[in-house]
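Everything below concerns the one structure shown next.
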Amino acid sequence: MPEDVTKSGSVSPNEVPAASPAAAAPKPPAAAAKPAVPAYQRWTGELPSRLQREYGSGVQPLSYNGQNFFTVDRAIAHAVLRVLRDEAGFDYLVDCTAVHYPQRELPFEVVWILYSFRRNERLRVKASFAEGEEVPTATDLWQTANWLEREAFDMFGTRFAGHPDLRRILLPDEWVGYPLRKDYDIRKQDQDWVQKNLGIESGQ
Amino acid sequence: MEPLTRYLSSNVTPGEAGDMLWITIYILIVFAGVSVAVICMNWLERKILAHMQIRLGPMRVGPHGLLQPIADAVKLLIKEDVIPAKADKLMFWFAPLIVVMTAFTLFLVVPFGRTHAVTDMNIGILFMLGASSLSVLGVIIGGWSSNSHYPLLGALRSSAQMVSYEIAMGLAIVAAVLMTSLQTGTGTLSMIGIVESQAAQQTWFAFQFFPLGFIALVIFSIAMVAETNRAPFDLPEAESELVAGFMTEYSGIRWSLFFLAEYASMMAVSSIAVTLWLGGWLRPFPNALGGHAWDVAFSLVPGIAFLGLAAMCLLGAIRMPKVGALRVQTVGLAGFGVVLGLVGLVMLLPGVRERVQDIFWFVAKASIFMYLYIWYRGTFPRYRFDQLMKVGWKVLLPIALAVLILTALVGVRQELYAVFAGVIR
Amino acid sequence: MSESNFYESLSDIEPGQRTYLDSNELVLNMGPQHPSTHGVLRVILKLDGEKVLGTDCVIGYLHRGVEKIGENRTYAQFNPYVDRMDYVAAVSNGLGYCLAVEKLLGVEAPKRAQYLRVILTELNRISSHHVWLGTHALDIGAITPLFYVFREREEILKIFEKYCGARLTTHAFRIGGCQYDAYEGFEKEVLKFCAEQAKKIDEYEELLTTNRIWVDRTKDVGVLSAEECIALGATGPIIRGSGVRWDLRKAQPYSSYEDFDFEIPIGLNGDTYDRYVVRIQEMRQSLRIVEQAVAGLMEGPIMAKVPKIIKPPAGEVYVSIEAPKGELGYFIVSDGTTQPYRMRVRPPSFVNLQSLDQMVRGRLVADVVAIIGTLDIVLGEVDR
């Protein structure tokens, strides 16, 4: 909630779609009820300032709706994750997933959700990158990243550099296309695969 | 008429008398009887297990599902006979036959009564052990010839398991055989001889040198569960691990042969336990409730038991809901009750009752073990393979050895006492 | 999924060893149709005799693209879909989803609705553990507990049915509260169930807890240390079985869990037996919570003020709850429209299943089914 982050004002986060005019300060939806609309705010504190000292503008500590996150450059993502795990106590990788923003310059965003048992605190780390670029894998930090990154690869085609076994996990190995991308329609499917393997004209 | 009088006047088994006609008849009766018993056992297992698991079990085919096993048998017979394409066809075809033949061969020497056995071999118990261990061949061949991984694993488990439990089983049997040499001084391996020596010693071997005989019985009754691949030792066909073990690729009539053999060998090993430790066909309490009057009273029990079953059927028929759809079932159940009642009445006739009571006592004792089989299945989880081996080799085998040695020592001591007592007198 | 990939994926197989007929190794395909892979899990086992050298899980047979569906439905439309993930704990799924959207909207369910949610969710936790106990015991060879637990599960499902008309995929909650109030006699029935269930748990324990074979089969099987659990992301009863006293209901209370007095049972050795004990104790603790929640159920509204058309402001939240299987999280990115921009579900079963390989390496085939059982996976949630 807003009272968690008191000192900071609204900042323009770079993760909201560039095409969207609401980027600077999300407008309250017309129909929303009383509660104050939360805004992206700068997250201040010991941890973000330390990371910013170390990595400068490559790390942007932000907060939304009482939930803190860093947007980091792809190049330093792995180093930040390592620092968070080893020095800040975020020892548990809850989830690793991706989001696709086709309008942006860097259309893919990988999100790592971390949790610290010691601090009982959650944190997200996000890194954007372009099609064809690779994100460093987190499997050397957390074993659990293995399947989670495979799933992100399966659904978005995000390549993780250094992943030991990067192949599809939920979809068939021979499937063509990455279904959770925004340009992949919900009714779309790999017709060739369906016809070849299921012996039917269409899965629809 | 002559064969009948010859049979009635005989006081030995047809095998001993060399009576080929009656041997054939006996074999047919035993074969048919075992098959019927398997059908009954199938129904009983499903019903008893169901009631342990708070459900009803088969209820649809016939009154209380009495005809369910028959429906199942018909289904299995008319099912498509599938042989996997990559299987070794000859061996695949041969494996269930081996298993079922060995299981039925065992019943040649099972003494249902003094005269109610096909034959009496002087190596009867050895014959049973040897023939029963042949069935492992069928299991291995069946598992191997299926050319599939699950059956192969099941067959490997089975071979290791059956071989290792046979040792503990054999030692327990030797302990019982040792006891036959008490008093008479000459031991016997004949099944009938073993029961007769229990009669002569006026105690069942389960209670001889208490608790030695009883421990031997317990060892045997554990080993026999493992020997017949039943829960909690049903690893060769462990459903949740190996799908169906060595029977995975079998279906229809071949599968039903395995099934038949499994139940037949369960009954066979139960018969061994009854013969060796529980006095075979002898009636219970011969000492405490001895005398002619008690003999007559006990000989009435079989008939009364049948009348009781008949009463249960008739009561069930009366309590059946009075709706048109259930009329056939009601009449069927009542008819079944009447048949049972008539059988019971016949069994009460003097002349008949003396002749059939030994069969009754034998079957009653064996059915205790059959019930235990079902009870185990409802209660226990399954052992893991290494634990099974551990139980076999590290627990049962040493105990069986100790029991054997102790039995020998105690027996020798008792014999020596007897000798010295004679000398002193 | 193709076999060749599998061989390459197992680090300890040399490429030359592909034909296993002349080696001692056997590749066993377990599933997707197998009695104890709990649905359509396919595990490829590499065996040396009966010893497991390596595994490869092939999943996705039940993949329905739940996340894609979520991006193409409105927030309210997607609510029933989440029930289809972990279908034995549908109420928990719904609770997590509703909490996430409520967080995004900035609303909070009224107190009475929160208590109702707690009652139903905890009943659902018990019924989920029922299914786990029955199938786990069945995998290990004890067939009877299955029927016992399904007897009690039926009572819970009857309560669900009376409450919202559905038994399995309940769609019990709405964004902002509950659609239905407690029916006439709800409290009485729930309390009666709790009293009965406490006795029945003793009955299950009589069959298993001290059963020699059960203990032999589960002790020291599938051991995970606390550090391994954290590295693997294993949550729920698995991490608690390894001795970490961590439960989101206590650590980050939601839906008024802070009002209730309950304990977090933990194990010491992190083996299958400890996880069994933890889950059994969790059932008892859930009963405690339900009793307290029924006693404290106050009068009041059950629905917060939520607009007819749910249109959260642009932003993103991650909200997670303690589902019966572990941490169930929803990461929702909103772009200010009526449909989520990105709907990510963090499924506990999927992440927990990943630890299967580590747990079964070097163990026997029989342990594989015991470990799959103790992971308590639901393939609907693994594959989504």
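Residue numbering begins at 1 within each chain, and the chains themselves are lettered A, B and C in the order written.
Here is the rule we use: a contact is a pair of C-beta atoms (placed from the backbone, for glycine too) under 8 Å apart; a residue touches a chain by one contact, two chains touch by 3 or more.
Quick caveat: nothing in here was measured; it's all calculated off a predicted structure.
**Q** Compute per-chain Cα centres, compare each with the mean of all protein Cα atoms, and return the closest chain.
**A** Central chain: C.
**Q** Of all the other chains, whose mean CA position lies farthest from chain A?
**A** The chain farthest from chain A, judged by C-alpha centres, is B.
**Q** On a C-alpha centroid basis, what's the spacing between chain A and chain C, in Å?
**A** 24
**Q** State, to the nearest whole Å, the distance from the C-alpha centre of chain B to the C-alpha centre of chain C.
**A** Averaging C-alpha atoms per chain gives centres 46 Å apart.
**Q** Once you find the CA centre of chain A and the CA centre of chain B, what distance in Å lies between them?
**A** Those two chain centres are 67 Å apart.
**Q** Spell out the residues on chain A that touch chain C in their complex, using ranges where they run on.
**A** 16-17, 20, 22, 26-38, 40, 64-65, 67, 91-95, 97, 99-100, 111, 113, 117, 120, 122, 124, 142-144, 146-148, 151, 155, 165, 167-174, 179-180, 184, 186
**Q** For chain C, which residues are in contact with chain A within the complex?
**A** 1-2, 5, 9, 59-60, 63, 65, 67-69, 71-72, 103-107, 230-234, 244, 246, 251-252, 304-309, 311-318, 320, 327, 329, 331, 333, 335-336, 341-342, 344, 346, 350-351, 353-354, 358, 383-384
**Q** Using the touch rule from the top, collect the residues of chain B that touch chain C in their complex.
**A** 49, 52-55, 149-150, 152-153, 156-157, 231-232, 234-235, 238-243, 377-387
**Q** Using the touch definition from the top, list the residues of chain C that touch chain B in their complex.
**A** That would be residues 26-29, 34-36, 49-50, 137-144, 146-148, 151, 207-208, 211, 213-214, 216-217, 364-369 of chain C.
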